[in-house]
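Chain IDs A, B and C follow the sequence of writing; residue 1 opens each chain.
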């Protein structure tokens, strides 16, 4: 069987898509040599002489002179091995040939721009294939790898949806999306069961701040991580029997999972350290604060008449008393430096005040409380508490306290067992001021009574001093004129 | 023992030259003068003019002859005096240095370490404060690395010189005088790895070269305000250690990339693209970039307002916390 | 892969030999380019430019030129047959290339541009391998260390710096080899050859800058390329001699090149040779030179054809006979066939090979793209 080769009209590198046969230089039946010119083909304005890639007998010529053929179509068929040798053809002609190679194309308006440097535009080469290359990429993306999610996974639009619907992503036990991520469906389902998270709603109402509003660092520290705008009071919804639990205080509800981070993390660290490393001892004295209580309205009126928009609460007066008591019993305003083996009795009193916020317990302190009046203490307490709640308290305000006062009476408690705010050595708990039967001037009377409960570091303070401190507190507060006397 | 980054690089060059005869150091003013930043100080004295020599003022020539020398069998460590003057050598770098191994199908290797001091913050006149790293990192065939601290400067330089691939070694010139207590020689992480320079939980700040120090300062300042910032020092711009970077962002959920170079099409764009591709479900906020502006580098008196600062970084960190 | 030379280190050297400034007159080219053989084959002996070749070598020169023309034509044919995307012919420049390269010793190196088929033939490079660049199967496919013929270089003139660097490397360890750097008249306008020649002069590197002045840079004639009296006049600016020869006279070219090469080998530094020749074909197969040069000019150039001229010389010398002619034709034909066998329908390799040679050590690289391409290829197979 003869070996017949097809010579397809080549892409001559001119961006050629078709060519017109101008002249055949061979005829069917001719025995031709390798590189022998078979035809002159017109591309745009110039003519290209096309040499044969095969030596052999011409079997077929496809196309007449004047006919246009597409690149890639067969235009000559040659039976190889028939006749002429395949190699070393026509070297003499080649050597003598000094005319320039013909067929270089010019550029005209009708032709494609010649590429000069390569095959040119290969339209036919843009084959389509079956789609699916992206699958390999998925495998590489690590989509298959479920990371140990310590935070809820969700793509950004889902996070927004969750915020808008007030759903806490952390509350959704497992997402049904890739990598365990939470989907729109998961969020909508969670929302439909009536779970409203207090935590997320705050962020939902706050728009991201414009960059121009970002404050300069030198001016003041901005602790945006504590952002939590004044939030709506948690909606109390009554749950029907058998339904999922509804949110309780501050929107918390059974089944939710809180990630330990930020403030909570710090609280945990501090509480563990305090209880573990400081031997706490307690002593308490009850006090009749009836007279103190009576003062508050007058003092408030005074303050406001002087132009200060603040309430003078019994707590403010108690703070003033605390300062006096600390001066008298300085071991309670101290620092124990274990490494240096020293106990420093501190001169300034930076009075810490426990503030209850939605994000947790925060304890700012009033600097140099010993130098401040009752009014000032009252004002600063209010200011600091507000800052803690809106997240704008500075690091300076949050550190450096020397003694703390904890007013759990605000919650209605009669007693407490406060934990010392390390590295301080004492914390004074103040109970609710409650009307009680009391012995007053020898008779049973209804008086307003509170308990002062001191927790102290028994390494640094002895019971003698601590006990007397708390008794002195009671004394001062029972007779407020003493506060005036010793101020 | 306190050592500056300049001294660390100088020692790395000397130690390398001691161990391998085939290493050559050349460039403008590197010989007698010891380099305009003294990085090649006393090397000519120690190793002779044959191995440490001054070239004519011709950056393309410096890199082109380095290629010829590397083909011959040497290990050239040429210097381009300043970032802004690397451009005359651009063609030799991207058309030849980066491509020769590939186009020779693996037969030719060019173990060249091209040293280029870069970055601003030194109050310089024009063209001496550029950050061209994106051009090199975008060019396949080059390795691009930049130390952010003294120990890395030594270790990464030693590793770069020992590599058989062409390296663009970008030296953060504003940190040349940064001091640290390091015993040299020292070996730090392999150069292709990024390193968590400081751990944190709220956000990841990703930086390289001169901005690593700034990023660490921002993290320290942020800490005072209750922000727990993790800092990743990229170290390698080509390759980029995606695993370390993405791993960090998966933990914190927030990323801010910092570089002096202009924002558009800077390294930050690539890092952001990879993060959003690989940590999509972990993101609490979009990836933000604290960078220079899309303008030519400013005059010396204005550069402090133009370059990323501790405040610019923290503002963006806070922005991510707001989402 | 051929053994690469590993340098033993660097010996002492004087970086900028200042044994006194050279006299510029010694460096400027002569008024007339060196010419030894007329078109009719008449040889003019020039004692200043001796031709120290025996009969075998004289015939070898012809063989090299004949083979060059033959494989060059074959490459053009292959392009016309759709086997190459483009090809840059050296037709008419055979004497310039062969004459220059013939002056080199075995261990000497050639740093070509992309048109030096003649130099490749002299060095014994498999010319088919050089065509892979033009076919697009890979970017180049010969081992430079095997025949000491560097990679083809497309960015104009940039290779001159590589040549200089390589020569400097040799000089640093007193390796008495010489590097021949080829580029054209157009390249002398680029910055890199200027920097290369400057470096070479300062470091006294053993490199010969062989400028083939074929009168055109694509369509731009020499007159638009430079205002210098000749290209060789530029050499004085680099402190090296500027030599000129009739590039279509293989013996003149050889003689001039030999002197320059041996001078460099002695340690006397670089030189620049301007070989006057003519590019008979188009810039590449996609170029149309009829748009910028006349038929008359072409015919005049053809009359100075280097191969015909040298054949006449050999005839006059009594070295030409039918047997020799047949032998050369056969050899040329065989080389052409070898080239054709290498290239015709040569398939490209695995496309993912693009990832293989980018780095010696690709640790840490984002290796996601290779499987991506592999997946696309897999999907394509099913189509």
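To be clear about the criterion, a residue touches a chain if its C-beta (ideal position, glycine included) is under 8 Å from a C-beta of that chain, and two chains touch if they have at least 3 such contacts.
Given the structure is predicted, the values throughout are model-derived calculations rather than measurements.
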item: Selected pair, greater C-beta contact count between B-C and A-B; value: B-C
item: Innermost chain, taking as reference the mean of every protein Cα atom displayed; value: B
item: Far-end chain from subunit C, centres as C-alpha averages; value: A
item: CA centroid of subunit A to CA centroid of subunit C, Å; value: 62
item: Separation of mean Cα positions, subunit B and subunit A [Å, integer]; value: 28
item: Centre distance in Å when subunit B and subunit C are each reduced to the mean of their C-alpha atoms; value: 39
item: Residues of subunit A engaged with two or more neighbouring chains; value: 141
item: Subunit A-facing residues of subunit B, complex; value: 201-202, 221, 224-227, 250-251, 253, 277-278, 280-284, 286, 310-311, 314-315, 318-319, 321-323
item: Subunit A partner contacts - residues on subunit C that touch it in the complex; value: 66, 69-70, 73-74, 76-77, 79-86, 89, 91-92, 136, 280-291, 298, 302, 305, 307-308, 329-330, 332-334, 336-337, 340, 344, 368, 371-376, 378-380, 382-383
item: Residue ranges of subunit C touching subunit B (in the complex, touch as defined); value: 1, 4-15, 138-141, 143-145, 150-151, 155, 158, 160-170, 172, 191-192, 195-196, 198-199, 202, 354, 356-366
item: Touch list for subunit A against partner subunit B, complex; value: 141-142, 147, 150-151, 153-156, 159, 177-179, 181, 206, 208-209, 211, 214, 216-218, 221-227, 261-262, 394-395, 398
item: Contacting residues of subunit B [partner subunit C, same complex]; value: 21-22, 24, 48-51, 53-56, 58, 60-61, 63-74, 88, 91-92, 95-96, 99-109, 140-141, 143, 163-165, 190, 192-193, 236, 239-242
